[in-house]
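Handing you a structure now.
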Amino acid sequence: MLEPWIFIALLLGAGMLLPGVTIVANWLLAPKKPNPIKQSIYECGIETVGETYIQLKGGYYIYALIFVVFDIEAVFMFPWAVAFDKLQLYMVMEGVIFILILAAGLAYAWRKGVLEWV
Amino acid sequence: MIPLSWYILVSAALFSIGIYGALARRNALAILMAIELMLNAVNLNLVAFWRYLTPNVVAGKVFVLVVFAVAASEVAVGLALIISIYRRRHTIAVEEIDMMKW
Amino acid sequence: MVAFLNDPFTWTGSLLRSWLEGLGLAPDLVTFLLQVVGAFVLGTTLLMLTFILIWAERKIVARIQDRLGPNRVGPYGVFQTVADLLKLVTKELITPTGADVIPYNLAPLLAVMAVVGVWAVIPLAPTLIGASINVGVLYIVAVGAIGTLGIMVAGMSSNNKYALLGAFRTVAMMVSYAVPMMIALLIPVLLSGSMDMETIVEAQSPIAFIILAPFAALIFFVSSLAEVGRAPFDLLEAESEIVAGFHIEYSGLKFGMFFVGEFLHAFTISALTATLFLGGWQGPWAELYPLLGLFYFIIKTSIVYFVVIWIRGSFPRIRIDHINNLNWKLITPLALASLIVAAIAEKVATEFGINRLGIHVGANAFLFMITLAAIRLNARGARSRVKANSVNKSVAASSGSSPGS
Amino acid sequence: MLTLTQIVFLVAAAITLLASFMVVTCRSMVHAALWLIMALAGVAVFFVLLNAGFLAVVQVAVYIDAIAIMIIVVVMLTRHSMGIQDRQTNKTWWAAVIAALLMFGGLVLMFTQAPLLGAEAPALTMGSEALLEELGLALVDVDRYIVPFEVASVLLLTALVGSIIVAWPGRKSQDLEDQS
């Protein structure tokens, strides 16, 4: 029962190892002559003003929030969709109600003007 | 084969670490993260008991799903509060948010 | 020999297995070793595939734009990518001052890992799939989104304002488009009654899901394009605005790995679209000759990939507020509506014994009309707003952008 | 002699506990969030070992993709509040240590009373596909978990609306804030 998961773990490991190996090869082959100007941030072009870790605006949080809510929704809907063949009509309607309740949340965010990008 | 007690030990340790984080940290965000750890410990326990004691009852999994929903809502509202407090008071250190204390 | 040509995958697997067991290894260990071999073969193949993908993309985009494209290194410039790689390999790896070293170096690996990991659950041929798990679809969502994490880590750790801005813009966009993508993914699951990719492919044996649920296919395709950050959603490298986006501070192959991840991701979403909506390896006689199944799969994937490149060659980059409006005000409601429509249509078809194909096509056509009417209404509103603004001679505030326009 | 699953378990446990320890002790919030992701991934490995593949994938999809990203976004939003030089713990952090140790001891003591501690996991009677289908059926069955199912959606709706009300200052004040 665990076999496919072992394969997934191995593939994820390979997905990290193979690029890792090539990067190490690059590191071995490449010249290494560090100097402060080369390593300065954004070495060519206009220097950025102010500190790096700027304050992001609140809109990003709202997007992440809506994503989280719909993510959980999808998580609840997936077993429902898997069992779809065996559901009776009223059970399907319950799922639809579930979707509609969350759609109301989206509609609220829309009305409130949260979704506009400034 | 892994005995049930291993899972319980790990989850108890995870929960205790979460308790420490929630009680000791000053940063409200860190407290939220510690609470996430505690919720994960609970989930781990639920799944472990489901697997070892009642593998044929679906209740354990439903409970875990509900915990996911609760965790997401809790983080969402908690982070919203943190943002709101930060906007007004410019701090997220819990010691300094003491308006309601008196 | 005939057995090999019919089904080379099982044949090679059993040959290797019998050889290893002949060496006296335990069956469990042999299985594990075969899995190791399989994982590394798959991973290496995918990474090698990037050479062809980059070359094909440059060539096709050049043709679309009436250019020649790479044509110096090798016949038709096929070795151009190899030359590029050799150049990248000899570049110095620069770590910017103030960078967060471990996350900084981990980010490109995460970006590649997320893409390669998706291929574990894609059935390449009737007898060839990495891991047949029963939660394949959700796995794709979960692992694919790790790429988002990689981008975010890259942006945060390189200590550069442009990188940070680019990363968070990208993350906002990816996170937004993940919503309709997941909802659209629910529809094939619902139609086939399983999250296992193999079952989904088998369920498309008479009719592919693109006919039953064209809206779901379109939404999945568009939103995964955005999820990958392909043109026209390539905000993450909007050179004119934020220089190069999150990978500005990366050099050498670390930068190259982001590139590999990006190209491979575009190919991956083509493969996913082909698997989930175009029937994957399904085709005449594919069940009998698995090699033929692989051939069909590659053909279908290539067609979708060609469309991806075509889109890249044809469309200008969309402005970020338009991207967000398009998602939240058109695609997400449409995805929710089409999920509800698909659920009701499927249930009605099975409960009352109505023709499944007919009711699905009819329901989607109905949905299409409603969408068209809504877009038209909205466009009329936007036009009248613009007209009113120009009559008032006031400078039209650009905030009145309309969805779907 | 350890079997493969036991080795995987021990490695995952070590990583999870180390990462969660780093979450609560790390000075930089960004690093704490990254460690949190690692701890959550470790828990996902446990779910796989417990034959709950669906929950493992959900763990990654919900926690790592959604919640962790939201936390990181808020870390960046409230970046100026506490630097890494600031004091990170309350003055009464020693009380927290005691509470945590007491909790651990109490939990272990309590769990020693639990049945079947050393038992092997019973074989699953259903295939994983059937388990998932069973879960889906149970969620919408009127006699079983329909209430939690619908309440979850209402809860999420409430969280969405509430968070928007709390965190969204309105378009006007947002503009003012950006200018200042």
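All chains are identified by letter, namely A, B, C and D, in their written order; residue positions are counted from 1 within each chain.
By definition in this document, contacts are C-beta pairs under 8 Å (C-beta built on N, C-alpha and C of every residue); 3 or more make two chains touch, one makes a residue touch a chain.
Remember, it's a predicted structure, so these values are computed and weren't measured experimentally.
*Asks:* Going by the touch criterion at the top, tell me which pair is linked by more C-beta contacts: A-B or A-C.
*Replies:* Of A-B and A-C, it is A-C that has more C-beta pairs in contact.
*Asks:* So how far apart, in whole Å, are subunit B and subunit C when each is placed at the average of its C-alpha atoms?
*Replies:* The separation of the two C-alpha centroids amounts to 33 Å.
*Asks:* If you average the CA atoms of subunit A and of subunit B, how many Å lie between those two points?
*Replies:* 21
*Asks:* What is the distance in Å between the mean C-alpha positions of subunit A and subunit C?
*Replies:* 14
*Asks:* Averaging over Cα atoms per chain, report the distance between subunit A and subunit D in Å.
*Replies:* That gives a centre separation of 16 Å.
*Asks:* Multi-chain contacts only, two chains or more: what residues does subunit D have there?
*Replies:* As it turns out, subunit D has residues touching two or more other chains at 5, 49, 51, 53-54, 58, 61-62, 65-67, 69-70, 73-74, 76-77, 80, 124, 128-129, 132, 134-135, 139, 152, 156, 159-160, 163-164, 167, 169.
*Asks:* I need the residues of subunit C touching at least two other chains; which ones are they?
*Replies:* 32, 133, 135, 138-139, 141, 143, 164, 168, 171, 175, 178, 194-195
*Asks:* Identify all positions of subunit A at which a residue touches two or more other chains, and write them in rising order.
*Replies:* Answer for subunit A, listing residues that touch two or more other chains: 5, 53-54, 56, 58, 60-61, 64-69, 71-72, 74-76, 78, 81-84, 87, 95, 109, 116.
*Asks:* Give the pairs of chains that touch; include all such pairs.
*Replies:* Here the touching chain pairs work out to A-B, A-C, A-D, B-D, C-D.
*Asks:* Quick check: in the complex, which residue numbers of subunit D touch subunit C?
*Replies:* Touching subunit C from subunit D are residues 4, 30-31, 34, 37, 53-54, 57-58, 60-61, 64-65, 68-69, 72-73, 76, 128-129, 132.
*Asks:* Which stretch or stretches of subunit B touch subunit A in the complex?
*Replies:* Within the complex, subunit B touches subunit A at residues 65, 68-69, 72, 75-76, 79-80, 83.
*Asks:* Which of the residues in subunit A end up touching subunit D in this complex?
*Replies:* 1-2, 5, 53-58, 60-62, 64-69, 71-76, 78-84, 86-87, 90-91, 94-95, 97-98, 101-102, 104-105, 108-109, 112-114, 116, 118
*Asks:* So in the complex, the part of subunit B that touches subunit D is made up of which residues?
*Replies:* Per the stated touch rule, the residues are 1-10, 12-21, 23-27, 29-30, 32-34, 36-37, 40, 43-44, 47-48, 50-53, 55-56, 58-59, 61-62, 64-66, 68-77, 79-84, 86-87, 90-95.
*Asks:* Help me check something: in the complex, which residues belonging to subunit A touch subunit C?
*Replies:* These residues of subunit A touch subunit C: 3-8, 10-16, 18-20, 22-23, 25-27, 29-34, 36, 38-42, 45, 48, 50, 52-54, 56, 59-60, 63-64, 66-67, 70-71, 74-75, 77-78, 81-85, 87, 89, 92, 95-96, 99-100, 103, 106, 109-110, 115-117.
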